[in-house]
Structures are given as C-alpha cells and as structure tokens.
Amino acid sequence: MKHSFLNDYSEGAHPRVLELLVSSNLRQESGYGEDALSLQAASLLREATGNADAAVHLVSGGTQANLIALASMLKPYESVITVETAHILVHETGAIEATGHKIHGLPGHEGKLSPGQVREVVAQHCDEHMVLPRVVYLSQATEVGTLYSKAELTALSATCRELGLYLYLDGARIAPALVSAAADMTLRDVSALVDMLYVGGTKNGALLGEALVINTPALQERFRFHLKQRGALLAKGRLLGAQFVALLEDGLYFELARHANAMAAMLADGLRSTGTRFLSEPVTNQVFPILADTQIAALRSLYGFHVWSRVDPGHSAIRLVTSWATRPEAVQGFLQDFAKVAVGHPVPGSRASPVIGM
Amino acid sequence: MKHSFLNDYSEGAHPRVLELLVSSNLRQESGYGEDALSLQAASLLREATGNADAAVHLVSGGTQANLIALASMLKPYESVITVETAHILVHETGAIEATGHKIHGLPGHEGKLSPGQVREVVAQHCDEHMVLPRVVYLSQATEVGTLYSKAELTALSATCRELGLYLYLDGARIAPALVSAAADMTLRDVSALVDMLYVGGTKNGALLGEALVINTPALQERFRFHLKQRGALLAKGRLLGAQFVALLEDGLYFELARHANAMAAMLADGLRSTGTRFLSEPVTNQVFPILADTQIAALRSLYGFHVWSRVDPGHSAIRLVTSWATRPEAVQGFLQDFAKVAVGHPVPGSRASPVIGM
Amino acid sequence: MKHSFLNDYSEGAHPRVLELLVSSNLRQESGYGEDALSLQAASLLREATGNADAAVHLVSGGTQANLIALASMLKPYESVITVETAHILVHETGAIEATGHKIHGLPGHEGKLSPGQVREVVAQHCDEHMVLPRVVYLSQATEVGTLYSKAELTALSATCRELGLYLYLDGARIAPALVSAAADMTLRDVSALVDMLYVGGTKNGALLGEALVINTPALQERFRFHLKQRGALLAKGRLLGAQFVALLEDGLYFELARHANAMAAMLADGLRSTGTRFLSEPVTNQVFPILADTQIAALRSLYGFHVWSRVDPGHSAIRLVTSWATRPEAVQGFLQDFAKVAVGHPVPGSRASPVIGM
Amino acid sequence: MKHSFLNDYSEGAHPRVLELLVSSNLRQESGYGEDALSLQAASLLREATGNADAAVHLVSGGTQANLIALASMLKPYESVITVETAHILVHETGAIEATGHKIHGLPGHEGKLSPGQVREVVAQHCDEHMVLPRVVYLSQATEVGTLYSKAELTALSATCRELGLYLYLDGARIAPALVSAAADMTLRDVSALVDMLYVGGTKNGALLGEALVINTPALQERFRFHLKQRGALLAKGRLLGAQFVALLEDGLYFELARHANAMAAMLADGLRSTGTRFLSEPVTNQVFPILADTQIAALRSLYGFHVWSRVDPGHSAIRLVTSWATRPEAVQGFLQDFAKVAVGHPVPGSRASPVIGM
C-alpha cells in the first residue's frame, strides 16, 4: 500500500511530543494526574478555553471520555439526545448504555442536530413512564466532517439552558474544526457555550489523550472518583500531561490541524478539478468524494480508506482522512493515481444509504 | 366521568381470581414461588404453551418481566432489535438500558418488524466497535393493536435462528391477540416459534402477574438468581400462582379476552357505522378511531381515553381499550354520546405524527 | 408436617385485607399507584410516621424496596455501610451491587451497628481511590431478631447527619419491633430519625407490599422514575394500596404484630421453662433457641424451621418465626412435642459460627 | 525532597521503551491494537507465558484490566472471592461493583487466600437468595508484598477447578515477584495455573500498559467487544504494543525487576542492620519497616513514602518502594539519613491496625 488515508491516527505522535516525553522522563513525579506536566496542561487548557475556573481531566481515549462524562452528568433515569450518526450511538459498542443510559438518535441534517429537534424530544417525554432527556451530545467536527456554525451552536446552547439540559461536546476533531476556513468560532467561543467538552489529542498529534474541560461547577464535583472507578486514572498521568503541554504551549496543536486541513484541501481540490463531487462539502481533514465502484476498486489496492456509504447503484462515497503527518507527496501521488483510473460518472443526487461512520 | 376506556387494567381481578385467593388463603405454603399454586400454574402454562420442558416463572409486571428476560439473555456488549414504538423503547423509562443494553428501534410497518429489517441491522453490525445484536423483541398484540400472522412470526423466527438471535415475545396482550377474529395462531403455535415469551395476566383479569415461559434450555439456567437479584421473587409467590391457576384451569383466560374483543368490536362497529375511520384496523381490544378535535374535546369530559397521535391539523387518533370488565352498557353509552357530538370529517390519509403509546 | 415456623409469610393475607380487595374490586381506578386506595394508604402512612411532607411509594417486596431506595440515594462511586449479617449483603443475590454499589459489611454486635463503626469506615475512605460511603443501612428488627433502642438509633442518626450520610431503615419486620415489650420507640420516633424507611407489609398480614416513606425532600425528587425503571410500578397499584389501607385504617397492623409477638413469647417461655437457652433474647416474633442436634433432628420431621447457626459441636440455634396467623394450638403442639424430645444440654458459651440469615 | 519511595511509577519509562516509540513513530499502522507492535507484543507474551493459544490484549492500567477481565467472566448474579486487602476491594473506587458484581473480602494470611477459605465461601452460598461465587482474584506479589508459593497457587488452582471457579491473577507486580529470591515459579508456571492474568507494565518500566493473557478458550470469545465498550481500545494501540515489545524482546522486563528487588534488598539489609523489624519479610520491591513515630516524622521531610499501618501506639509500618529507576545512591542516602535519626525501639508484636494499601 502506498499510503493510508484511513484515519488521522495511523502514525505515532508529533516529534515535539516525544521530545518532551524524553526530556521529562526521569523526573520523579506524583501519580494519577497530579504531576507537574498534568497540572501545566490543565492550566494551558483553562487558558485556551477561557475559563479560569474550569476543571480539567486528561483521559486516554474518546470512548473513555464520553462514557465517563455522560455517566457523571446523568441520574439513572436520564438520557442523552444526539444525531443517529453520533459516535456514541454507532461506534462505541454501547458504552453509554452500558453505564445504564438511553440515547435518543435523531436524523441529522448534514450530521447536525437542531434546537427544534431537541425541543421535540423533550416535549415528548412527559412522565415517569419515559426516560428524562438531560444531556445533548454533539461533536465538532461532526461524524460526517461538517461544522456547527457559531449561530447554530449558540442556538443549541440557549435551547439547552432554557430546557434545563446539559450540553456536551465531543471534540475528538475539534482542532481541524477550529482552524477550518469555514469556521467562525474560537475554542473559547465553543467552550463558553457548553457545560463540558473534550479537546481531542489522539487525532491531532498526540500518542493518546483527550482533555475533559468541565465548565459547570456542579459537574466538577468529585470527578476524579468517576475517573478512577472507570479505570481512567493512569498511574503515570505525566504521559497524558506531556501530550497536551507539548501541543498547547507553543500553538503546535493548531499548527498541526492547519496542516491536516491543508492536505485535505489539496486532495479535495485535485478531485474536484476532475469533476468529482462530494457527499458533503470538505471543510476539515475529512473528505468524502463520491466515486464509481470501478474507481474505488482500482484505488483500493494502492491506498487505505473507508467506503462510507452507497450513493447510487454504481457509486459510493469514500472517506479520505489527512493528518498532521500527511505529506504533500502522498496527496499528489493519490491524485496522480486517481487521474489514471478510468473515470466514471458519479450521480450524487439520490440520498445516501445509512451512513456507517468512524 | 361515565366510563374509562383508558386501558385494560382499570378494574381489579376477575371474581374467580379473588375466590381462589380467598379459598387458599390460610393454607401454609412455601415462599418465593415454590408453593403449590405456583407449581400448578407452571404446569398449566407448560400445558398451554405445549412445551413440557419449558421453565415457567411468575413475575409481577411487564417491565419487570422484560428487563429480567432480556438482561438474562445478553452479554454486556449485546443488544436488542425492535420497532421504534416498542414498549421497552418508549414506555419503560429506559429499564433495558439500565441493565446495560442498547435497543435498536426500527420503523415499524403497522407496528411490526420484518425479517429484512432484522437482517439489515445484523449486517450493519460487523465489528467490535459496534454492539452485537442478539435478541429480537416483539409484542403480540403490538403497541398499535395489530397482529403478527403465523407466516410473519414464522419468518421472523426462522431469520432469528439463522442469524443466531434469540426471539422474545412480550405477551402483555397475548390473550386478545389469540382470540381475535384475525388470529391464525394458537398459544402453542406462538410459543413454538420463540425462545422466551411472557403470557400476560395483568391486562386480562389478574390483579397482577406475567408468566415467563422459557423454551430454550440454555436460557433456563439459574433464572431464579436473576429474579431474586432484580427484586422479582415475591415472598408470597402464591399470590401470583393463584392468578394463573384461576385464569388457566378452566379456560377463563381466553373467555375474558373474547369478551374484551367483543366489546371492542361493538365499539368499532358503532363508530364505523357513522363513517369513522381508524388508524389501524381494529382486531383486538384496542380501537384507534380518528376523530375531529372538536369531537375529542366533547367526549373528553365524559370518558377516559388516550389521545394517541395527530393525524392532520384537525384530527387525531384516540385509543379506546376494553377489558374483561367492560359492560355492553358502557359501550352503548359511549356510542350514543358519540352520535350526539357534531360530526367532523376525518382525513386519515396523511402519516400520523410520532406515536406515543402505552 | 404439623406446622411451619419457617417464616412469617407462609399464609396469605389477613381476611380484612382480602375483604377490602373484594369490596373495591370493580371500581375503575387510575393505574400505577395513582388510584384512590394508594393515595389513601399514602395518607395513612404519612399520619402514622408523623411527617405530613413525606413522599410515600408502595412496592411489592423488600429486595425491590431496598435496591430502588439505595440506588436512588447514591452517586456511582458511593457506597452503603451495614452489618455483615444484613439482608442486603447476604440474602438479596447482590441486588445492590447489581445497581453498581459496594456495601461495607461490618461485624455486628447482636446484629447491630454502632456510631463508632460508621465513623471508622468514613475515616478510612479518604480519597478518590476508594468509594465514598454515603448511606447507612439498618433493619429494625435486625436479622437476628434484636432491636435498636431509641438511644442507639438516635446516636446513629446524629452520627450520620454529622458525617453527611443518609440513614435508611429496612422495616420488613418493623411491626413486631414496634410492639415488642422491649421497644422504646413509636413509628413516629423511628421515622423522625431516618431519611428513608420502608414499613413492611408482606411479613405482617399483607399479600405483598412494602411502603417506602421518604422524609428527606432531596430524596423525593422524581422517585417514580426510579420505580418504573426497576419494574416496580404495578399497573394495578390499587392492589398495594388496599393492603396498607386495610392494615392501617383501624390499627390492624399493630394488632397483628402483637399477636405474632405473643405467640413468640409463648414459644420462648415454654422453651425457657425447660432450661433452653437462646442465641439472643427473644423480643419480637423470631425466637432462636439453642438445641441439641438430636432434638433438632427429632423436631424436623414435625415442624418447619431454619437451622440458623452452629453454636458448638453438638448444638445449633434454630429459628422459629410466628405470625399474625399462628394459632396458640400450633405453639402448644410444638411445646408438647418438644417436651417429648430427649433433652440435651445446650452449651451456648462459645461464639456462633457465621450466621446465615433470612 | 531528596527521593520518593512512594511507589514504582514515579518516573517515566525505561529509555529503551522510549527509543522504540521514537524509532517506530512515523510508520503507518493499523489502529486499535491491530498494529505490528501490538501483534509482536502478543506473540512475545504467548511465548513468555507458554501458551501458544492464549489471547492477549493490552490495556492502559490495572483498574481497567481488572474491571474488564472480571466483568467478562461473570454473569449478573456471580461474584468474586478475594482477600480483604485486595486492590479491587479497597483501592479501585468500587470499579468491580460498578460493573454489577459483589466481592467477598476474606481475612488474608500475609495478604493471601487459602483453598479452605474459598471452599467455605462456596459452601455458604447455596441458593438463589445469595450470589454465586464464580471467580477467585489473587495478586502476585500481594498488596502487602508477599508471594504465593508454587504449592499454594497450585492448591488454589486445583480447588478452583474442582469447584467450577475461574482463577484470575492480577500481575501488576508480577515481575518483581517472579525474580524474587523467594520465588519458586516462572511466568509459565503461574500462567498455567490460572484462567486469566495480567502481566503488569506500568510498575515495571513502561509508560503505561498491562497485558491481559487469557488462557481459557471460553473466556477469549469476543473480548475486544468488552475492551471497546469500557473505553480500553486505544486508537494508537501501537503505544501499548511498543511498551511490551521493548520490555520483552530482550529480557529487559526481568532485568528491571531484578534491579528494583536489589535496591529493595539493599534498603532492607541496611534497615535490618540497625535492628529494624518488618511488617512482612521483604522479598520483592516493597519494604515495610516498622519505625517509631519520631523516626517517621524526621524522615518525612526528606523522603516520600506511605505510612502503611499502625503497629502499636508509638510505631507504624511505612512502605518503601523501589523501581527500575531507583539509583543505589538514593538508597544509600536514605540509609545514611536513617542512621542519623534518633533510634526508637519498635515493638512489633501486636496486630497491625487495618491495612490501607496501594
């Protein structure tokens, strides 16, 4: 295989992350996230999200972040509202339900939820024979690579506050979302609109690590008990601290995302120039071109990617993901090989089959 | 209020149930379902369902039956497939999810699931990032009062066996389903097609009680541990035993359901004769006439019923339920009052809004 | 077998309970505990416990009451303190742990917990690597038939309030405890000292039913959601309501317990007069005489009882339980048969082997 | 502070672990533990444990390993037997109970369980009113630094097989246990006696990582579903793979443990030469000297350590832990400072207060 565009975690960490790991390695530190690097990371995250009173906890992965965050917000009979393509609903092996909670999966519009949908679910749940919706879960960028605008997120936030719901944002890919040409929000803007979010490290240059930022004071209480109980307190928490210090202290975090987005744009532009159309407009580091089955078959032996959804009997959308580590040569190589492939005629008009995302 | 058609559990028990309770009251019996009445009930249920090797356990209600049955069949990462109107999905306050399991809610056709839908869900769940579908949950009659035919249930059963899924049937209203004019199955037919079912008592003349019948030997193992752990082993299990002995030993169970269905048919015929149309064809003890809002408003002060779903801007379907205890006079009274109400013009063509059922 | 002294739930209900069931049977009532009988029962229980603002919920059994009550009081990382003989720790098949919570089992003194023990457990749990103790669970009478005095319960209550713990009391056998000659508390006294308790029906003349009384306002919130989710909302809640109305409206509840205690006292006096000694001083409807193995063997074919714990190589304590339905003739018969049994010489000095209680 | 003897995870990773991370960093790899490093690690672990058919899964920490392993082995009503000092019982915030399962904590003899104790618990749990014990959990080395001998582990293993119990071994500190002068087992010996174990990385030179080795085929089934559901599948599983490849490919794993043990022996010998006594005989990398309170106070400002348990009114045991990173100079410095401290006279005869371990 020439190159894998399967995802943004095919390589290890950015070298500066490894350098910090190495340089801090022999220092004796406290365990379980109370080391100097974790404390510094928390401080950098409070700065970056603009809330000096936020509680920050570093965990090792996204499913872990989501299940602990959501379970900590919910009473036994409370539930989560989200879109039907949401990662927690499709790709986390029932991790949220395993903590005892129902998820309402609503049809998304470009992978996004609207205030009206939230309002309708709340209205339908009116007595003790039904669960009580309590948290709205979003991701930015969404599972299908789209973005909530500032106006959209503001409206959802206001709706949640009005209805007594918490708003939680999964930021596994918040870095490419924030530096997208289509973005109209800073990290501070996003954070100010949600009760809790996680700022993703794994998919943007870290070996592992997601940073939970808890804005709402009531949700901060005894959070370390939840972490420990779910197996999320690493003895050498310094490992997590080092990721975020390296990424955040000099702006590397956004620099890496900009590179990933630039590589995606190069891919998208090259494809578009051949007449290729897209399942959704490429704005971050995920590109969903619609290709003929024959093209897909031809490319498959050379490149790694997911076949995302069937668009019509002869065409499917594929997903190409770039990262901090994608080199321009890899993109150019792909475009050259693509040019050689016999060109089919994508007919993207019809509705895609149910999306199976990652 | 003249009469409540809200549900089939507004009255107590059929007098013969009470008589048996009284006559057996002072006999000393073993506790926790090992009394003579419970043993006799189990025997009658094995006879009625046609499986001499079935394990039978009596529990106090439907949600309890469902949560224990389903949790007993599932490993932590396994899930349940059903229709989106299913009782377990909408009206049990997340009881199944509270045991740790996800439910897939699929659009029903007349409240029913098809083999193709089951097959598609199984096909979509292909690796460890997703739950593993393991049980199909049906109810007969369905939440919207319709029936699976023998052909339909046979096809679903075959699909489940082929795919390694268990088939579980919620029989809260199996009595009116079995004696419906539209029915083409006996209780033995139904039971032979499923791994586990419950035969409902509460909604057909008992004070309380649902009888879990477990056909598949692997699912019988240590079932009493599940019952005890979930708080379902009544110290005076005789109370449950007496319900089913009284109902089953002389065919009272089916006699009561026939009465309920006859009263529903009288209601439906009376309404149809005035030109009223129905959300679904009435075949059991639930009738869903589509009425004008003005009619509904006029009837509401006189009769109890649920407004089920909006059909168009001026009309909604209501739900009228009859029971073993419904007297013909109550039905006639309703029809007479209905005749007085200014007649609107139901236009049932458009799709109903999301059904909120009970 | 001549008579079973196995427990206090071998018979059905007191006839006045059945009479009320019969007389109210055909009245149409609301479902799920919102019927007139349940509302009246709640009112009678508020009166009996002396808290006009208490929330009252009727459930079908003790394990159900305990698991719902405790789970409703606890966050995921919180735990329950009790004695190692407690029903929830030994005889409920891990029902509390199944809701996700650890129980600390401490050695009891005569089946009872002391404030010092509670204090010590709290002191030992000092950080997020350990659970956070949050509820103290007691039963009155205890599993071994003893009673907390008013001074003891007051001290425990004060300790809990000081330490920020909830105090929950399992009153499966609170009726015989309250009318015991050794009692120094009324139901109002007990209730005023605890955050939540349940007043037991099943073991004192009801067919089924335990009444949860929630004194602390924060614990009352949305309790019906917990009930429904755990399968505890009976469709015909009237059945539960009728039990407590019949028992409480005319003082029948205490009258039945007095009878049970009187029968136990007759048993104890008869045994004591032959030189028999007891595992603990009989004060309620449970009597734990220490008998020679040969006596036990001889009685076993004639009477039902549990062999409770081994006291020394030749002797064991047995448990004899009386109830509202025990007739003096049965007690006299037992004493006469006992007199015929060759008398051994109980040597009760040594410590009993681990108690396995029910 | 001059040096911390608090634990064996105060430093980062052994440099060879970091070197492998760096050298493999830019290679594109599959995610979620299906990368080349993880596959190689699994192969090395199968070799090291001597079971070519073992399933191997790498997770990030001990609590995560334990909760996933135990929950995967248990049906809802099944429980775990262990000693009352066990990590899962005391120091994992109820993580096992949070998956729904009760733990039986038995008094340990030098932190160890005996076959007789296991047998007794099984005998006491005889019906569906009690949980069903199903797994025995041990750790090697134990929480108090002692070792199971080959004879002891063989006897426990035979008892478990006889009684139908699974045997699970927590090997957080199995490396120092295996290379202890007191050891009489190899890793293959240990593994052959248990159904599942984890081989600990975090406390022996890795940044993070514990390797679950599943010997029993029935327990291997769909284990990755459990991992994903609990948030334990790292997207960059290569990070875990690299730890174990670096540690195992050239015997570094045992070399590091030998160093840790040698440093502990140096500490113990130095202390013993001054007349110091120990809570338990030091055989691995944990040393529990009994010191006078005045000594403890004097040392506390200079060195990090846990005060483990009170031994008598004037003395306590402290815990000193060494690791692969402990330099002889640090030990010698401690011993020199200790020599300066006014010598008290430990009187270790009396029983220690309840041990609070880590």
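Order of writing sets the chain letters: A, B, C and D. Residues in each chain are counted from 1.
What we mean here is this: contacts are C-beta pairs under 8 Å (C-beta built on N, C-alpha and C of every residue); 3 or more make two chains touch, one makes a residue touch a chain.
In this text, all values refer to a predicted model and were calculated from it rather than measured experimentally.
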Minimum number of chain-to-chain touching steps separating chain A from chain C: 1
Chain pair showing more contacts of the two, A-D and B-D: A-D
Contact-pair overlap exceeding half with A-C, pair selected from A-B, C-D or B-D: B-D
Whole-Å gap separating chain A and chain B, where each centre is the average of the chain's CA atoms: 42
Inter-chain centre distance, chain A versus chain D - centres from mean C-alpha coordinates, in Å: 35
Length of the line joining the C-alpha centres of chain B and chain D, rounded to whole Å: 52
Touching two or more other chains - residues of chain A: 76-77, 92-94, 98, 100, 128-129, 131, 225, 228-229, 233
Complex contact set, residues of chain B against chain A: 76-77, 79, 90-94, 97-103, 124, 128-131, 354, 356, 358
Complex contact set, residues of chain D against chain B: 32, 71-72, 75-77, 99-100, 128-129, 131-132, 222, 224-229, 233
Sites on chain B touched by chain C in the complex: 3-4, 6-7, 9-13, 15, 18, 21-22, 24-31, 59-68, 92-95, 98, 202-203, 207-208, 225, 228-236, 238-239, 304, 325
